[in-house]
Amino acid sequence: MCRFLAYLGEPVFLNELVCAPTHSLVHQSLHATEAKTETNGDGFGIGWYGERQEPGVYRDVCPAWSDENLVNLCSQVRASAFFGHVRASTGTATTRANCHPFAHGRHLFMHNGQIGGYHRIKRGLEALIPDDLYDHRRGTTDSEAIFLLALANGLAEDPIGAMETTFATVRDLMQAAKITEPLRFTALLTDGVTLTAYRWACDGRPPSLYFRESEAGIVVVSEPIDGCREGWQVVPKGATLQATRGHPAIVRKGGDVCRIAA
Amino acid sequence: MCRFLAYLGEPVFLNELVCAPTHSLVHQSLHATEAKTETNGDGFGIGWYGERQEPGVYRDVCPAWSDENLVNLCSQVRASAFFGHVRASTGTATTRANCHPFAHGRHLFMHNGQIGGYHRIKRGLEALIPDDLYDHRRGTTDSEAIFLLALANGLAEDPIGAMETTFATVRDLMQAAKITEPLRFTALLTDGVTLTAYRWACDGRPPSLYFRESEAGIVVVSEPIDGCREGWQVVPKGATLQATRGHPAIVRKGGDVCRIAA
Amino acid sequence: MCRFLAYLGEPVFLNELVCAPTHSLVHQSLHATEAKTETNGDGFGIGWYGERQEPGVYRDVCPAWSDENLVNLCSQVRASAFFGHVRASTGTATTRANCHPFAHGRHLFMHNGQIGGYHRIKRGLEALIPDDLYDHRRGTTDSEAIFLLALANGLAEDPIGAMETTFATVRDLMQAAKITEPLRFTALLTDGVTLTAYRWACDGRPPSLYFRESEAGIVVVSEPIDGCREGWQVVPKGATLQATRGHPAIVRKGGDVCRIAA
Amino acid sequence: MCRFLAYLGEPVFLNELVCAPTHSLVHQSLHATEAKTETNGDGFGIGWYGERQEPGVYRDVCPAWSDENLVNLCSQVRASAFFGHVRASTGTATTRANCHPFAHGRHLFMHNGQIGGYHRIKRGLEALIPDDLYDHRRGTTDSEAIFLLALANGLAEDPIGAMETTFATVRDLMQAAKITEPLRFTALLTDGVTLTAYRWACDGRPPSLYFRESEAGIVVVSEPIDGCREGWQVVPKGATLQATRGHPAIVRKGGDVCRIAA
């Protein structure tokens, strides 16, 4: 399991959310309180939208809590949209290419969860990714494979529908392989303008997900970064959240998504 | 704070103590139970005596829990004397040269504790190390500085006396600098034949230290590696322990050491 | 391209061949003279046979020339069979899992060369590896994929025949994909008792390969480690070499191998 | 020896100078042509001035040629003043804290050269650094020590005079220690507004230094980044260069500096 954070709104320096708060993402790398694992020390990453259409990405394999480059970058970079992620590996190697967020074109994607029995469906899953997208695969995680397959399924045009299709495909592969371990998928996607958050699971136990809205913007997190619950709303199990700059976030419960997550 | 383990006795593969037990040193890197910090992820190291008079050393900056080289080496190397250490930095950088154990000639040394206000006496302490030993300084930790100064004070010939002198010197430097933070020193020294363990502190609160003796040999640890207390003896606060292959360990309480630690 | 070294014979300390000679493997990491690239700084690895049936492996991503762990291990480990490799990536990431040698059961394998247009046949090649072997895939290189496929083709029982089959399969995949870049394959395999060296290429230009025999044993290298040619024999293009402890090496030219390499 | 690059002028993306040119700094990390060493693979660093008064810094220990984070950052960050450095260690460890540029307050400093016999005067040199500046020492290099001592000597107010004093002090320490190896000092300092370049040496052989001016700004480099000499001017041996945004650079030859360098 992992911990992550996303922001969309008025430009802020990354360290205001990633490093400075009482229970910041960097603090959660050592002391997560709502995760299966307290320590998220198997690498980390940040992604942000600056002057280019494509996001910047900085990922490394050391624990976030001791990385001076991360502190330095977060104090320099100011952005109106960014992602941060601290990783607790569920089995795949600690390499940069396995660290989140994953970038493709204008998109950033990060995931907290797991595909149960992933190694048994890995090739089956990879076989579904078209060649041109598979060429962009750099690592070996389930998360990156889901992202690439979802892109093939139209993620850019329909973030929720494409991910539902992808989620269902993965679930079917797992069932065909008689895997009984759960599929849990709390994830975030952005193109720098719109943010989509998913909190789905086959066993009704998706990892935690919260958000906080203000005039300045929206923050979406695995767990509140100020160590208290005030001002934070839970994204319900089985739901998705969509936010666009300048508009209030929309939480969609039930429907097709619910059936998938049931 | 850190966690460590030492062994002296019949040759065993390192993984029998470092990796395999329920609450092995590698497990303690993620879940220490008697330390100030539960996570000891700021690097690690092993040192062992093989066919050479000088010990082998393998140290790296990643967390021990995810290092496949460590697992591999520990399953290959069999030794009658070895050290293992997982590090939780008290402020100095996560570099290989700052990881324990430190080697010099036939000796290995590792430390769990801290010199309060170290940066204020760092140069004063380093100034006391003779040139030929200072040339061997590779890192920036208090632990390495103490080791080198103790070597200058005759550590090879008189492990307890030389360390008492060194400990007193450090304490005096701290007092002169009006440092009120404590000096805590739970440490291990070996030349492959004799093992000396120190559990000293200026404030009466040295980090934990245990040992277990059998016909095969002696294991000295920060905390029991089998998750239970049976068969383990506590090294008392202010005491030293000395063990030589083929002889029962001797614990010395009180005396000069006691006065220093009082 | 890369540089490598293998030894089979009377037990020697690894540093006698890996670190100490004038033009040692570590020296070649910075100053190779017969390779396409002078610098081989994209990671390195050693593998050796100790007290276990399975070999020990130490691999890391930094350049070999500055790795103190490598120097230390090579001065401690003595073995009658070992491999050493310094890597110059042809495109895949610099991760430990992409460093050679690759280990599987009793076997070590390392490769110097490349599959032209590899990313275009990567999935096709991986699809041929049986599930139980694919589960052991840790990295993303062509070299590891070839090794696993060759194991499936019977490498343990017939090192030359299985590799011929594998080489032909890769070549066919390349032809089907209309890849015009060459397939070059200078590689080494051992189980600790027998050593097999391959020097094959589709374009008649396999990377260099030399060997030197003495009463003590055989050394097989990408380029002579003493900086001179005296005492070294070239493994001819298209040939294989097989050596077993206590017997002179056998070089097989032409035949099936030749046709493949033509 | 090392290779470096500095820019002062109209804002440009770092990759236009650091990554993209034919003989860019990243290319020089693998193929330097005017340096003592062709390979500069012992770490690297960039420093730049963004929205904060203090510069951003990103340094890492892997070779620059294979670091995807460096490529990514350089394509995102646009600055009117920045430094880039690829390192070839002259003996000190490959750690982040030993990589250039070094930052202190508003200043960035980087160095190409060496203090001959540095380990023999290391403590003497460090002893001259005032406590408050010594507290900022993170690494073990001669370069960082010179920078801190120069800051104590008034580097912020008088970049040339303070460095002359510092250079003379180091030279005197070397003479007192009867060191016959040379002191070579090609270095760059900036506060984001003014750039000072030094090309000094005790033996008349300072590392190479070039600059190119245009309406957009000034580039100062170890060796031309376009692979040709056209448009580049040599900074003479023993000289300093000073540039301020919007004004032509001033090269000062001879004088006090000359006598020091003679």
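Lettered A, B, C and D in written order, each chain numbered from 1.
To be clear about the criterion, contacts are C-beta pairs under 8 Å (C-beta built on N, C-alpha and C of every residue); 3 or more make two chains touch, one makes a residue touch a chain.
Quick caveat: nothing in here was measured; it's all calculated off a predicted structure.
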Specify, for the interface formed by the sequence copies chain B and chain C, whether it is same or different in terms of residue numbers shared by both sides, with half as the dividing line. same
For A-B, find its twin among B-D, A-D or C-D: the pair where over half of the contact pairs carry the same residue numbers. C-D
Of A-C and C-D, the pair joined by more C-beta contact pairs is A-C
How many Å are there between the centre of chain C and the centre of chain D, using C-alpha atoms for each centre? 40
Could you say which residues in chain D touch two or more other chains, in rising order? 96
Can you list the residues on chain A that touch chain C in the complex? 93, 95-97, 119-120, 122-123, 126-127, 131, 134-135, 138-140
Considering only the defined contacts, which chain C positions touch chain B in the complex? 50-52, 56-60, 68-69, 72-73, 75-78, 96
Where on chain A does chain B make contact in their complex? 30, 38-39, 41-42, 61-63, 66, 89, 94
